[in-house]
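Below you'll find the structures, each written out as structure tokens.
Two complexes, one shared chain (subunit A), two partners (subunit B, subunit C).
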Partner chain A sequence: MRLGLLLVAPVMVMVIVFFITPLVNALYYAFVDFDGLNPNPPFVGLDNFVEMFTDERVWAALQNNAIWIVIGTIAPLVIGLALALLMWNVRRGSSVYRVVLFLPYVLPQVVIGVVWGWIYDPIRGWLNKALELVGLGQLQTGWLGNADTALYAVLATAIWATSGFVFVIFLSALGNVDMELIDASMLDGTNTLQRLWYVILPQIMPVFLMVTTITLIGGFSVFDIIFVMTGGGPAGASDVLGTYAYSQAFQLNRISYGTTLALLITVLAIPFTIALNRLQRRLSMQGTGA
Partner chain B sequence: MKISKIAAPAVAVGLVLTLIGCTGQVAPDDTQAPDDNQSSGDVTIRYLVEELEDAEAEARLRDRLDEFEAQNPGIVVDLQTLPFDTMRTILQTQLRSGDAPDVINWGSGPSFGGALADAGLLYDLTEAYEERGWEVYDFAKDRATTEAGVVYGIPGEMETLGVFYNRDLFEELGLEEPQSIADLEEIAEATKAAGYIPFAISNQEGWQGGHQLSMALSSAVGSAGVNDLVDGNSDWTSSDVEDAVALWDRFDEAGYLTPFPTSVSYDSGNALFFTGEAAMLPMGSWIVDGIVANADFEAGYFPFPAPDGQGIFAAGLGSGPMITAETQYPEEALKLIDFLVSPEHGRWMVENLDVIPPFPADLTGVEISPLLAQVLADVEQFGAGEGDFGLNIDVLMTDAFNEAMFDGMQAIYSDQATAAEVAASLEAASQQ
Partner chain C sequence: MTGTTRAQSPRKRLLRTNKQILLVIISVITLFPVILTVSTAFKTSQDAQRNPFGLFSSFSTENFETAWTVGRFNEYLVNSFLLSVPSTALVVVLATMAGYTFARLPFPGRTFAFYLVVLGLLVPFFTFMIPLYFQLRGFGLLDTLLGVNLVLASTGLAFGTFFMRAFFTDLPTELEEAARIDGASEWQIFIKVMVPLVTSGAGALAVFTFLQNWNNFLVPLLYLPNGSFRPLTTGLFLFVGGRSVDIGPLAAGALITIVPVIVLFVLLQKQVTQGFLSGAIKG
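Let's look at the complex of A and B:
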């Protein structure tokens, strides 16, 4: 018993220090009005929560988060899986392909944001120039400054950066797929999509769910690339909860309100994380997958 | 397996930790050990400034502080810099954690130094002003004074907002400085017809919109009018405000501005003017250094016109030195401020940083560019209390108002709001 407690103690200490204490601290800040300066902020009860639920910009940001979660989760999965399937049986130069496709994922988000900012530049950026060259000049716009395109322009950048990671993970998972099952299904006359759906995907499902979890949680907590590329603008058009929480906390000195928004992100993300983790674990215990 | 149970929610909660990590409180340590240099008899004071435009400027400031050290044996100045964007967050954390610098270079006005002074985080300079005879212009001193009458700092530089123009291009096209908005529109038409972008406008960051509104509004309503707005004696939903906002919308619709201004960053917008692609650059006097260094044409500077007149420059005050309340070396910090407000340092600021001091400077025989000389002459009038100058609104208003103003102008340029809606949001924000 004592040995067990001793062994568990380091982890418990870490959980208390790095998880419980900050969470309790966050809850405290959500019930006071802290401006970053006053060491004795006044207690305001549920005011921050009431404001959060009646703040139109929170709902607009939440909507952008939803768009990000849906498109930003599905697109890298589809692109990454497609690339992995294409590269599955490629032998020559496969290492080069892996490195090239994985490279964007290891680049700092700030660097990616700055470089893509140049690409999207309305005057000198090559995207607008390319559109003009191919006769699609009427599509030229200020990608990051147009309220209709800003979020999607940043999202496209994020998808570009994430797909390589998904590709490498899926490619590794495909290496463990039972080829005899593939051969058997081909003898049974399955087409490509049927083989993917009924034979390959079930075998890589735990990995698929793990990657889905990571990209999905990234959709809730997305911040840096939007902050670098648009700052949530123009006029909040590309704000997500993370950038809105930041601007409230650190640009308007409303630390308490920003913390309340961060708690909302946490509350929204946890159920998805737990559900996907449980599903992944259940499949693993059933012996399904790579 | 148990760890994965904990790890999953922990990843999500990491967002909260990010915020909390920046707000944790540590009581000031009264027993903090004096600086290491004290053992050798020297006192080291930490001087935190916003990151300067370039590394050379920082090196020049370091050299200047070496001169201070030579004049004040026993005092060593540890120069520290932070990017402006992150300085507020880091500074607040430092001030509350017992690790504050002794002297900071920070913005005056209620959103900047005023907020720190109200929280008791800045050293009261009221007596020092009287005892040491600092000759800071009264209007500048007033800007660094709390409502309770506490003087907490010295605005470090004076700035004006107006329109820089390519003088060579104007001469080539036979254009003169405008005497009204109608003149300005004619110039815009002429430069546009000649294949140039009339105005190099950037607004990706958002704050530039506040300056664009400041200059148009100041000229439209004059200094008295804009002071009434800032002081809360006039309503931001007035037709004057709406017209000033709508003016930029009209210019945008007419194709006078950089295409898609909210997509253009500060540097990219300025570059259009420096390279001669744009004819005019509505901006503040701090850009003089950049124009002189990067443009290969002669530039001029005029106030943004009024609807029916020449208009006035909008003026503001930049960051300046303040002493933190918890400094252990107030006397040494005051000596540094003595040095920084001296007429000799004023001359050094003009010569080395191309900025204008808010106090009398010894400018006899000073060698500066013609453009800076023009700006300096304009600002000297301001400093002497002559002429009429408008206001750079954002340094005088609250963060909430500034956000409404920046977002409002971005919304105008990206067709998300009308001028009336922007004016209404400004009025609502002014009431917060």
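Let's look at the complex of A and C:
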């Protein structure tokens, strides 16, 4: 027991100093009006929360988070699953494809943001060039500078970065699918879609939910890529809670308000995480029981 | 019967070829941003200004020279290592120690302590990054290697401990008991018997954590406000803000940032994938 305490002590110290303490402080900040300078900030009760719920930009940011969560979860799932099904029986070059498709996921978001910014360049960017080439020149726009497209352009980049990761997870899950069931269903004369829906999907459901959880949580706390590509702009059009909280806290020195916004992200994300984890655990237990 | 199989075979082969063609196209699209970076980075500075995104229209290493000296990417590269290596070592060592306790050595309040650690998997960094800034300022740890390394390490500890605990939990108890009968102390059991059995896990954790820390953008952006020890990620970002027209050196800087990542990933893809797949449980 002495050794146990000794081994665990450094982690506990680190967790308490660099995680629990600032987390508790975050709660404290939410109830005062701290500007970063005053060591004794005045207590303001629920003012920060009241402001948050009446701040139109919070609602706009939340809406962007919602768009990000829905599209940013569904698109990688669909693309990743489609790629995995496509690759399922492919032997030749499979390890190369796997490395190539997974690669974007390990690249730093800053680099991804910078390079995709070139692709979206209004005049010389490859996207506009490609559109003109296929005769869709009228769709050309300054993708990141246009308030209607900025969020979606960044989101498309994020989908590019995560689909390969989802693909690799699905591919390994498909490796565990019971082939006898597939053969049996083929004998029963099912078509491909029916097989996918009734035979394959139920078997990879726990993995499916796991991936959903990751992309969903990512959708609440998204920051780097939007911050790098648009900074939440133009004029807040692509702001999510994270970038809005950052600009309030570090650009306007509204430390307390920024912290309150950040708390909102946590409060929204945690129930989803727990619920999906529970569901996933229940499903995988059913799986082993059957 | 034989007729149908004979008829199917060329069709299947065609399907297989089509699949390969499709996969090659998808791979090229996936790699396109990386190809574009390489192409722009190796242009002459004149060509990079006139035609930055035309693929492979000239060749020179001027952009690297500019990025290296004027862009200070030489310093950023060193700083990236100074921020990623110690923090990664700290995570691997501390997480292995704690993971062992949480798996094998009960003590009163252990469950509570474990929940406290893995709470870090649920709470986004955002939530506490602002108070942490003022806390570090109070400690005098802003703009220091020590401060950023400690923060980077602490952000990796929740996952690291969780990950290493799983490895220790899976080990059979017989080994431990045999060593105990032989008169080994608890410490010797840990160091000589248990740790060598989890080295593959610790290796995967090391690679994964290193990539996370190397790629981390927000931590150095926030906690190195005066720009000392600026790593590649934040250096690249500030380079964009500073001189938006210099695409050539920017591409070279981007390439300098991602080459170590790509090399590590291609060489150790098994470890990286394992880390990321278990990292998936995160949240």
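One rule holds for everything that comes next: the second predicted complex is superposed on the first by the 265 of 290 C-alpha atoms of A that agree within 3 Å, B and C clash if a C-alpha of one lies under 4 Å from a C-alpha of the other, contacts with A are read in each partner's own complex, and residues count from 1 in each chain.
Assume a residue touches a chain if its C-beta (ideal position, glycine included) is under 8 Å from a C-beta of that chain, and two chains touch if they have at least 3 such contacts.
Remember, predicted model here, so these are calculated numbers, not experimental data.
Engineer: After superposition on the shared chain, which partner residues are touched by A:186: those of subunit B (first), subunit C (second), both, or neither?
Structural biologist: After superposing on A, A:186 lies clear of both subunit B and subunit C.
Engineer: Check the residue A:46 against both partner chains and state whether it touches subunit B (first), subunit C (second), both, or neither.
Structural biologist: neither
Engineer: Determine, under the contact definition given at the top, whether A:93 touches first (subunit B), second (subunit C), both, or neither.
Structural biologist: Second partner only.
Engineer: Go through the superposed model and pick first if A:141 touches only subunit B, second if only subunit C, both, or neither.
Structural biologist: Once the two structures are laid over each other on A, A:141 reaches subunit B alone.
Engineer: With both complexes overlaid on chain A, does A:126 touch subunit B (first), subunit C (second), both or neither?
Structural biologist: Second partner only, subunit C.
Engineer: Is A:107 contacted by the first partner subunit B, the second partner subunit C, both or neither?
Structural biologist: Once the two structures are laid over each other on A, A:107 reaches subunit C alone.
Engineer: For A:220, is the partner it touches subunit B (first), subunit C (second), both, or none of the two (neither)?
Structural biologist: So A:220 meets both subunit B and subunit C here.
Engineer: Looking at A:83, would you say it contacts subunit B, subunit C, both, or neither? Reply first, second, both or neither.
Structural biologist: Touch status of A:83: second partner only.
Engineer: Quick check on the superposed pair: does A:11 touch subunit B, subunit C, both, or neither? Answer first, second, both or neither.
Structural biologist: In the superposition, A:11 touches subunit B and subunit C alike.
Engineer: When both complexes are superposed, which of subunit B and subunit C contacts more residues belonging to subunit A?
Structural biologist: More residues of subunit A are touched by C.
Engineer: Let me check the overlay on chain A: which residues of subunit A are in contact with subunit B and also with subunit C?
Structural biologist: Residues 11, 15, 18-19, 22-23, 25-26, 29, 36, 117, 121, 124, 213, 217, 220-221, 242, 245, 249-250, 255, 258-259, 262-263, 265-266, 269-270, 273-274, 277 of subunit A touch both subunit B and subunit C.
Engineer: Along subunit A, where are the residues that touch subunit B in the complex?
Structural biologist: So the residues of subunit A touching subunit B come out as 11, 15, 18-19, 22-23, 25-26, 29, 34-39, 117, 120-124, 141-147, 213, 217, 220-221, 230-231, 233-237, 242, 245, 247, 249-253, 255, 258-259, 262-263, 265-266, 269-270, 273-274, 277, 281.
Engineer: What residues on subunit C touch subunit A, complex-wise?
Structural biologist: Contact set of subunit C toward subunit A: 16, 19-20, 22-23, 26-27, 30-34, 36-37, 40, 51-53, 94-95, 97-98, 100-102, 104-107, 110, 113, 116-117, 119-120, 122-132, 134-135, 150-151, 153-154, 157-158, 161, 186-187, 190, 211, 214-215, 217-218, 222, 232-234, 236-237, 240, 247, 250, 254, 257-258, 261-262, 265-266, 269, 272-273, 276-277, 280-283.
Engineer: What residues of subunit B sit close enough to touch subunit A in their complex?
Structural biologist: Against subunit A, subunit B makes touches at 1, 3-6, 8-25, 88-89, 92, 95-96, 115-116, 118-119, 121, 203-206, 258-265, 268, 272, 399-400, 403, 407-408, 410-411, 413-417.
Engineer: Which part of subunit A faces subunit C closely enough to touch in the complex?
Structural biologist: 1, 3-5, 7-8, 10-12, 14-23, 25-26, 28-29, 36, 83, 86-87, 90, 92-93, 96-112, 114-119, 121, 124-126, 160, 164-165, 168-169, 172, 210-211, 213-214, 217, 220-221, 223-224, 228, 242, 245, 249-250, 255, 258-259, 262-263, 265-266, 269-270, 273-274, 277
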